[in-house]
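Below: one structure, written as structure tokens.
In this document, chain identifiers A, B, C and D correspond to the written order of the chains, with residue numbering beginning at 1 in each.
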Amino acid sequence: MTPIGVAVVGAGTLGKRHAENVCRAIPGARLAAVVDRDLDRARQVAAELGVERAAAHFEQIAARDDIQAVVIASPSKFHAEGIQAAARAGKHIFCEKPISLSLEDARAALEAVSGAGVLLQLGFMRRYDPAYSNAKRRIDSGEIGDPIMFKSLGRDRQPPPAVFYQGGVNGTLFSDSAIHDFDLGRWLMNDEIAEVHTFAGLLASPEIAEFGDIDVCLVNLRFRRGGIGNVEAFRKSNYGYDIRTEITGTKGTIQIGYLQQTANLTLTASRVSYDVVDHWLVRFREAYRLELASFVSAIQKGGPALVTGEDGVRALEAALAAERSFHEGRVATVAAPETLPPANDKP
Amino acid sequence: MTPIGVAVVGAGTLGKRHAENVCRAIPGARLAAVVDRDLDRARQVAAELGVERAAAHFEQIAARDDIQAVVIASPSKFHAEGIQAAARAGKHIFCEKPISLSLEDARAALEAVSGAGVLLQLGFMRRYDPAYSNAKRRIDSGEIGDPIMFKSLGRDRQPPPAVFYQGGVNGTLFSDSAIHDFDLGRWLMNDEIAEVHTFAGLLASPEIAEFGDIDVCLVNLRFRRGGIGNVEAFRKSNYGYDIRTEITGTKGTIQIGYLQQTANLTLTASRVSYDVVDHWLVRFREAYRLELASFVSAIQKGGPALVTGEDGVRALEAALAAERSFHEGRVATVAAPETLPPANDKP
Amino acid sequence: MTPIGVAVVGAGTLGKRHAENVCRAIPGARLAAVVDRDLDRARQVAAELGVERAAAHFEQIAARDDIQAVVIASPSKFHAEGIQAAARAGKHIFCEKPISLSLEDARAALEAVSGAGVLLQLGFMRRYDPAYSNAKRRIDSGEIGDPIMFKSLGRDRQPPPAVFYQGGVNGTLFSDSAIHDFDLGRWLMNDEIAEVHTFAGLLASPEIAEFGDIDVCLVNLRFRRGGIGNVEAFRKSNYGYDIRTEITGTKGTIQIGYLQQTANLTLTASRVSYDVVDHWLVRFREAYRLELASFVSAIQKGGPALVTGEDGVRALEAALAAERSFHEGRVATVAAPETLPPANDKP
Amino acid sequence: MTPIGVAVVGAGTLGKRHAENVCRAIPGARLAAVVDRDLDRARQVAAELGVERAAAHFEQIAARDDIQAVVIASPSKFHAEGIQAAARAGKHIFCEKPISLSLEDARAALEAVSGAGVLLQLGFMRRYDPAYSNAKRRIDSGEIGDPIMFKSLGRDRQPPPAVFYQGGVNGTLFSDSAIHDFDLGRWLMNDEIAEVHTFAGLLASPEIAEFGDIDVCLVNLRFRRGGIGNVEAFRKSNYGYDIRTEITGTKGTIQIGYLQQTANLTLTASRVSYDVVDHWLVRFREAYRLELASFVSAIQKGGPALVTGEDGVRALEAALAAERSFHEGRVATVAAPETLPPANDKP
């Protein structure tokens, strides 16, 4: 089978990782081009990976026949227009989360995808993490009864660098970070988020005050079928990258999460200590590989994607509602009932 | 030093434990009488512990000179009147949580205590648990910087039996269970709870529907100095008694909690498993002993109690606000600002 | 029932703990006297516990009718003669491990006990630790199949003080420390130790070289029915008091042991750390209480003791063989076959 | 740089993994041929990986210029002759452990390597596992003081299939399994094993009795500089693949090992359970990749290999001595003093 040619758009930390995975770890795929507004950066990543084609703009390579798919890893603000451009060019699309920073743009992008008949997969990579997918299987098998409570937290060791915040191109704590947990909540609870309430603040990282973002939020959740939950996103744990989720059902509970990077425990007179996972590229190394493999496989089989554009919209709705609740100081409804599809069918 | 004579009022599960501790584990104290509306039960506990005096009503023993202190472990609804009666009789008072089911009664009880000049200690035993008191010391020493986030959960293995719910004498999930966590939040954050928001429901234990209580709640918290947090109370984990708390500061985090009852791990072909703590009497055995020792010591030294009646009122205010938020579907303010004392001084 | 009067002989760290337990934590027992060659120490412990009688020598109180039992916690060298004296006086005997430092003296002591018709219980308290007794039940229930391998280690944080070593009155690393593990091996494997091989040395604590003892040993074990195992004793872990045991069977494995003292985990930028159990009095607090309660209960019921004098002899034989193996540089047989009783026939 | 052409000799489970790694995960290497006495198997692996050349015998491809290196993953009995053949052909050699089943053959193979001037790396992949290499760095940095005790165990979930044992081509429990731990002991202690003592047996897997091997051994170790240790190898844990190592020094201890495969904990009424790593290919996935990357890098840089042929001989000597001790029932010396090089002088 001819390998699928993939262009990676956005050659930052994560774009580069996707490019490496396409190159080395995904049978059936071939890295065809690297695109970045910073052409030097595009060229450097392309060179490191032995790929000839680098470009500053996707349009410069959109017409190429040897490119069947695009991985969009540009700043979040440009995701929706990236989807539109790729759809117009008839390419299958893997897009990093969030699908957009506005619901309008997201809806327009989904229409473009639908019109073009291409495949769109959203980059909620946690669904591919072995611990999370194992938990999903257990929940769906009934091992913990009916899921009734969902708790999830995500903590970075340190806030992203200033460049991340400049121009607001990467959204806020809600749309950039907590959105992962909103997606997990929908997926693991097999339900939709109906209402949210947020307390939040800039409590540990005064250095990001100038960018108008916060560094910690606690979001209370109510699901449509009655389940409840909460989500924490925090930018500055100091101790490590900490991702934990707990789903409680009528018969039991599943916990997901760990802090240890290696299996070492050092015991001395002054302390018992171990190494903590430092970074999301380490914690979710395998998930990033598996989601791309799944994307390529979906293209080969004619779809569908396991994480859809609609999933991207739903999580964004929750994130924006959580942000609204914070600003308004009251409970926020996630989406108008008339636009809601039926709750997820259990697989 | 003559031992302090202690009457235990309420000879249920916890009252009996307090009586045993007074008898056997608290140097300086002597069990002088056991009181229970069910006189047979009072007599049985007294007999088991080798104490002669049992009574159906505190008034029957209130005048005795060999009783200097009372431990109130009756149903919650009768705590405030028990405090009033003991104060009138000039006895020092250890009262189980909650101090009352109504703020009015609680305030009146505190006035009676104040008027009588006796000592009142509230039964928030978690403050005496070695893990919690160790965490408190670490936080106050600055080890995690300024505390900014508080998360706490309490899960029973199974809901209490029907008799617990009858007549509503033991309050609700908020005033009976989550109140422990509200107290921990105030204590560990060195702050007062300002606002709460609750999602809750009866999701796992339909058998208690007839009593009008719920079995799970998630309460979002905002503290006065800006910290945030949340609290979970759940009646039916199925797997064990699970108490966990996490305090996050600007420099680090402290986690408190464990599930293992013994240090055994059994590894077989079908499972890797361990024993889980089953019951609060097991998890907090030492805390129950230490809080009574502290009470007796405070009496001997002329006070003060480490957990005061005011602490009891504050936690009750938070619990009632959390319940109000649940019923009204919106954020609830914890207490009117004019009645608030200055935030806790750090020790 | 009249409480059983107990004299504690030896008022050092452990003797004092036994005295406290008799006083406060063992229903049915009464502390009747404290005996120590250092009469001031005996008097001080007696005074702290509100007991009138203190003596320098057991003989001074041997004739008292209000003493029915003796707890021997003197230095190991004096255990056997203490048993003889107590047996002559017709007292029931709880004796700390080891039963003696010589097999001859141990045998003579057992004969005295047998002749006097009193009860003798050995102080292998680990058998009463909830984790160990739970493991024993699981093994005997067949949960791990037939036990085939036994591994056990015991580590002190720091070597005992110089006074412990002076005069050799407390035996060696083998007879003082590893003897616990030899007893556990016999008990958990339901078998007798047949052969041992030892590598050992003074590797971490040069300060005890003057006393002629070592600070670490690794003893390979072969049991009579074919099982194998090993034991480690180490005097200077630096990080804490560490007791771990693992029994492997044909169907699974049970691990016993933990290092955490409280349920706290502190996570900061420089380390993730937790508290470690520091001392055996902390780790085995409950076991020390339970073994005395069991002793008192056995007296009340007319026996038998759950840990017998024969158990004390068997463990001593293994300890002495391990020491012999170390000195001779070859495998040592534990006991001459002709003197061996049938292997334990416990289930 | 032209990629290094690699032929993989032996296309069983591990050979196939090596071939996959060369193909997909090792920049700078190229899979040039797959060799297996079972030509169909060689062809199948080659086809799966898109390689044209498959052969039944190394000699058939030995002359090819596009092959610069050989990975030997044939049965252990053929390792030494494989090294000889590859050396004769002037290829660099990566050889799975053990280097041979006989010391004579091993020595002859090393001479051939030395004469040919090629690079030889032994497949002790644990040295490349992130947990082990992290521990090595900590030990060498002095974090635990001078290492004085080494304990290591390796347990398979189930014994290998009958085909593994047939003809004795894969050695014994000592030379196939415990040899990993002997290598770890030498490496982590920075010392040589001087003496060993073994208790062992066929205790859990009667089905392998016909092959004359045992399924469990406990080997006591004495190192030349005085350190002591022990090693366990066990074929049938039932619960999972369990690899644990502990190095104790004069100032502290490092533990390496874990049992959990994912970060999931499932808590239900009947059990608290988690997934256990099942297989060595899972536990050491990254180590297998890193050791080949290190091999290719050593070739590119002109050596040296980080795990040498001499390391292979040393570990084999310890394994054979452990086996001898078992058969003779006494302590065995590892190697004649006159042939011993100075102890490792690595930091």
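Criterion: a contact is a pair of C-beta atoms (placed from the backbone, for glycine too) under 8 Å apart; a residue touches a chain by one contact, two chains touch by 3 or more.
All of these numbers come straight from a predicted model, not from anything done at the bench.
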item	value
Pair joined by more contacting C-beta pairs (A-D or A-B)	A-B
Chain whose mean Cα position lies farthest from chain D	B
Inter-chain centre distance, chain A versus chain C - centres from mean C-alpha coordinates, in Å	57
CA centroid of chain A to CA centroid of chain B, Å	42
Multi-partner residues of chain B (each touching 2 or more other chains)	237-239, 251-253, 267-269
Chain A contact footprint on chain B (complex, rising order)	145, 148-149, 151, 195, 197-201, 203-204, 216-222, 226-230, 232, 234, 236-239, 248, 250-253, 329-331
List of chain D residues in touch with chain A within their complex	24-25, 27, 130-131, 134-135, 138, 143-144, 251-258, 260-269, 275
Residues on chain B engaged by chain D in the complex (per definition of touch)	237-240, 259, 267-269, 271-274, 276
